[in-house]
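In what comes next, chain A is part of two complexes: it sits with chain B in the first one and with chain C in the second one.
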Partner chain A sequence: MFSYCTDPETLATLQWLTCYLTTGVHFSFYYSFLKVLGILAVTAPVALAFGFGGAMAARSSIAPLSWFGKGYIAIVRGVPDIAFFLFFVIALDQGFEWMRHQVLCPDWTDPIRQGNDFLVCPQAKLPLGSAPQVVHQTYAFGLAVITFALVFGAFAANVIFGAMRAVPRAQLETAEAYGMSPRQTFWRVLVPQMWVYALPGLSNLWQVLIKATPLLFLLGIEDVVYWARELGGTKTPQFTDYPHGDWRMWYFLALLIFYLFMTWGSEKILGRIMARLTRGQATSGGEAQRKAAA
Partner chain B sequence: MSCLETIQSYALRSVGLGERLLPRSDFTLCEQFTLIGSGMIWNVYFGVMALGVGFFLAIAIALAKGQSNPWLRLPAEWFIFLFRGSPLFIQFFFAYFLFLSLKGVYPVFSPFTAAWLGALIVLFLNTAAYSAQIFYGALQSIPKGEVEAADAYGLSGWSRFRRVVFPTMLRLAWPAYTNEAIFLFHATTLVYFSGFPAWQQRGDALYYASYFADKTFNPFVPYPILAMYFILLTLVVIGGFGLVNGRLNRHLPANSRQKLRVRPNLIR
Partner chain C sequence: MKSILLSTVAIAMTATFAMADGHSVVRMGTEGAYPPYNFINDAGEVDGFERELGDELCARAELTCEWVKNDWDSIIPNLVSSNYDTIMAGMSITDERDEVIDFTQDYFPPTASAYVAAAEGVDLEGGVVAAQTATIQAGYIAESGATLVEFATPEETVAAVRNGEADAVFADRDYLAPLVEAAGGELMFVGPDVPLGGGVGMGLRESDTELKEKFDAIITEMKADGSLNELLVKWFGEETAQY
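Entry: the complex of A and B
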């Protein structure tokens, strides 16, 4: 990176460190932080959509749909999430491959499960065996996003389901008295009012989502945890210009501080949003604001 | 091998008793049930120990956070922020490598790099921080009248705390603390995926479940078994904490008692 980095062995400590921290692999490490932010940016809206769908299904008057929605919420919330992360990635992968297998290779006669193997025809493999490395990585990332969205969607569904029930009944009755259809009542009265009740739960969920991102490592993504382990391990002079001892502790300390800043920052921002939303509301929070201003 | 023999050889496998070699092929349902159940010993161990010891630290920290003296309040606030603001997964990794580095300098630390002690300490501090926040919230919402009544009876200091403040705090905090307990039991599954090695393949339930899923390439059997065990454990926890809740609320009329509302499981 810098011009003086050509011979690291001759450098003083501080210069050595600047050279060390700007090697190519370290840029992969910094890039993996972007991956964390990326998965947050993609997962949050998708999980919100899943949650909205789940809550709508659970509220439905059609019994099977309502069972499905409530079952989705209950099952995902009752089991350790990490088990879900490990389960869904394989299950989704096999599910997609099985579906493609049924469509693409109808005359394949061998059973798909042979003992301990899961075999589909080569055309149905996902991604195709011939695909470049980038496709494999993108596919793994996509599976991770779907898994996160499924798990967090269930939590969001629970929060939104509760928020929908917290909207005062009189509001909905008024809407009906004005002659609105159930669909209109839902979209024009219930949904706009629900967000104030849902925000505390959803902001809590956002914090939890931030803290769940290191689990990407378990899904086989080269994320911050992966790089911290790789870069921190003992390096001998044969393999690198920058030999050092076991520094994994310091790398994980850096990750710890990164996450503390993430949660601290979003706590501040969410606090502002909540203060903005409660302004003028007939709640105890709004009352407190009024008193403080007076 | 019949199922009974399987249970005999693998039921205590996770603590190192019985058959040493794990099954390698032709996995039966019985083997999966037994080994995953055997791994639950570790989940229960971590959960019970961390909760049991963490409870006392949590109360101490909650009381410290409620003080006006900054020498007590600020350390308590920082402790809570540190453990609640960062992912448990990263805390495990950091602690493991910290103990590993310390072990290089002071051999005293060698047991800390094993999961039974090192991971337990992380879980203990973590649950202490989360529970301290719950207890602090309960401490803040003790009705003013109760403390005034205690003052009027001439209670002060330790006896006021023991007879009035503490029972009410515990009663108010209990439903949230139940969730925290469930939460912690679920969090114990992270231990063997976060640096701490499973020595001689003695792991927890998720360790064995993922072992089977890797070997059979079929997640649809071991993970539902694991889920079943955890739902059972959750029900036991809810039952036990429910009994305590009933006892804490026994002086109240039935309609004003606090119900246990179980809202389990978010990752920490």
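Entry: the complex of A and C
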């Protein structure tokens, strides 16, 4: 990157470090931080939507819908994450390819399963074999988001389901007494009040989600932990201009700071949201705010 | 949200794509953590003996090739589910693997594996020996009577010796040699070399016979004209076994 980097062996420590930290492979490392933040930014709202939908389904008065919601919550919460990430994603991928195969290659005669091999026609491959690596990575990213959202959505659904039941019955009775329909009661009274009960549980989920991102490497997404391990590993002079010993400790220390910083920032933001949601609520927090204002 | 997801799937399914023949791009899977066979260089690209050989094979076969990194643990499952088309990752040809995937002929002669320890005189038969998971070396140690500790990456097996978790590490001699050299006396080869495996070959899906025959023919050609030997000497030094 810098002009003096052509012969790193001759450099003083500080200059060497500036060269070392700006190699192409280090930029892959920095880029992986953005990737993790991107995944979090996309996954969190999607998982919340899944959770809200799951909770609405679970408390529905239509029996099959309620079974579906409760089944979703129970099954996903019961299956270990790692099994989801290994089995479910491959099954999902193969499911998409199988559907495309049926649509795009109706006159394909070879079996799709040949021993261990899963073979669909070339046009049904997802992404196409000829697609550039970027497309493959984006596809893996999408699969990761769907899987994360499904898993964390189930936990969020359980939290929101509980929060909806925690809203005082008197509030809903009052709404009914004013002549609101069930739908109006739900959207105008129940939903605005349930967030304050859901937030502590949801903030736990958010913290767990932040730390769950290393599971991404199972899906072939090179996340921060993968690069920290790769870069920190011993490098011998034959294969790099920057040989060094086992520096994994330093790289993991950087990750520690990153994750602590994320936690600290999240705490701050969640604290503000909590204060905002508490305003005017019939909870002890809301009461404390009223007293402080008076 | 669900409807957005569904419509995305629907678009993906109904969109028409330009027809491409069998292998317009061959995706080459590797681990990227096993120098000199394959590793990530300073620029962040796959590099090493297998990268150079693979590119040469593709050039002679007039194929467009693309390199993909994959964890060693899941490198075979991802091949058979067609996430890439070949494996070039220092993978020795063994009967167990041959039942699941196919191999070309070897492009690296049957190798010697060796023990490396932090001191002379460690107990290789009864001590603790580190090896990478799902390798022929791990299989050998499991049967040798020593206590086997397995790690997901080669790097961790050597680190285990440095920090005293294991008495010795057992791996391909060619992988260990540069590390021993760079360690400046902290690490040393101990005990005899052990010949293991049937050489390193390129792994392909069993159904992919056409591609396998193509690469097989070119490896034969490169063995005959000496270009494979040149690559071996370049990456593994003068003493390495040649064809």
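Basically, the second predicted complex is superposed on the first by the 270 of 294 C-alpha atoms of A that agree within 3 Å, B and C clash if a C-alpha of one lies under 4 Å from a C-alpha of the other, contacts with A are read in each partner's own complex, and residues count from 1 in each chain.
Note that a contact is a pair of C-beta atoms (placed from the backbone, for glycine too) under 8 Å apart; a residue touches a chain by one contact, two chains touch by 3 or more.
Since the model is a prediction, treat every value here as computed from it, not as a measurement.
Applying the stated clash criterion after superposition on chain A shows that chain B and chain C collide. In the superposition on chain A, A:I90 makes contact with both chain B and chain C.
With both structures placed on the common chain, the touch criterion links A:D246 to chain B and to chain C.
Of the two partner chains, chain C is the only one touched by A:K125; chain B is not.
Of the two partner chains placed by the overlay, neither chain B nor chain C lies in contact with A:L202. Of the two partner chains, chain B is the only one touched by A:V225; chain C is not. With both structures placed on the common chain, the touch criterion links A:A163 to neither chain B nor chain C.
When the two complexes are overlaid on their common chain A, residue A:L150 makes contact with neither chain B nor chain C.
Once the two complexes are overlaid on the shared chain, A:V103 sits against chain C while remaining clear of chain B. The superposed model built on chain A shows that, among 1-9, 37-45 or 163-171, the segment of chain C colliding with chain B is 163-171.
Overlaid on A, the two complexes show chain B and chain C touching the same residues of chain A, namely 86, 90, 94, 116-118, 217-218, 229, 246, 248.
Those residues of chain A that touch chain B in the complex are listed here as 75, 77-83, 86-87, 90-91, 94, 113, 116-118, 155, 158, 204-205, 208, 210-215, 217-218, 225, 228-229, 232, 246, 248-249, 252-253, 255-256, 259-260, 263-264. Within the complex, the chain B residues that touch chain A are 25, 81-82, 84-91, 93-94, 97-98, 100-101, 104, 186-187, 189-190, 193, 206, 209-210, 213, 215-220, 223, 226-227, 230-231, 234, 263-268. The part of chain A that touches chain C in the complex is made up of residues 23-28, 46, 49-50, 53, 86, 90, 93-94, 96, 99-100, 103, 114-120, 122-123, 125-126, 128-133, 136, 146, 217-218, 220, 222, 229-230, 233-234, 236-243, 246, 248. Those residues of chain C that touch chain A in the complex are listed here as 1-2, 5, 9, 12-14, 17, 19-25, 27, 32-33, 35-36, 39-45, 47-48, 66, 68-71, 74, 77-78, 80-83, 85, 100-101, 153, 155, 158-159, 162, 178-179, 181-182, 205-207.
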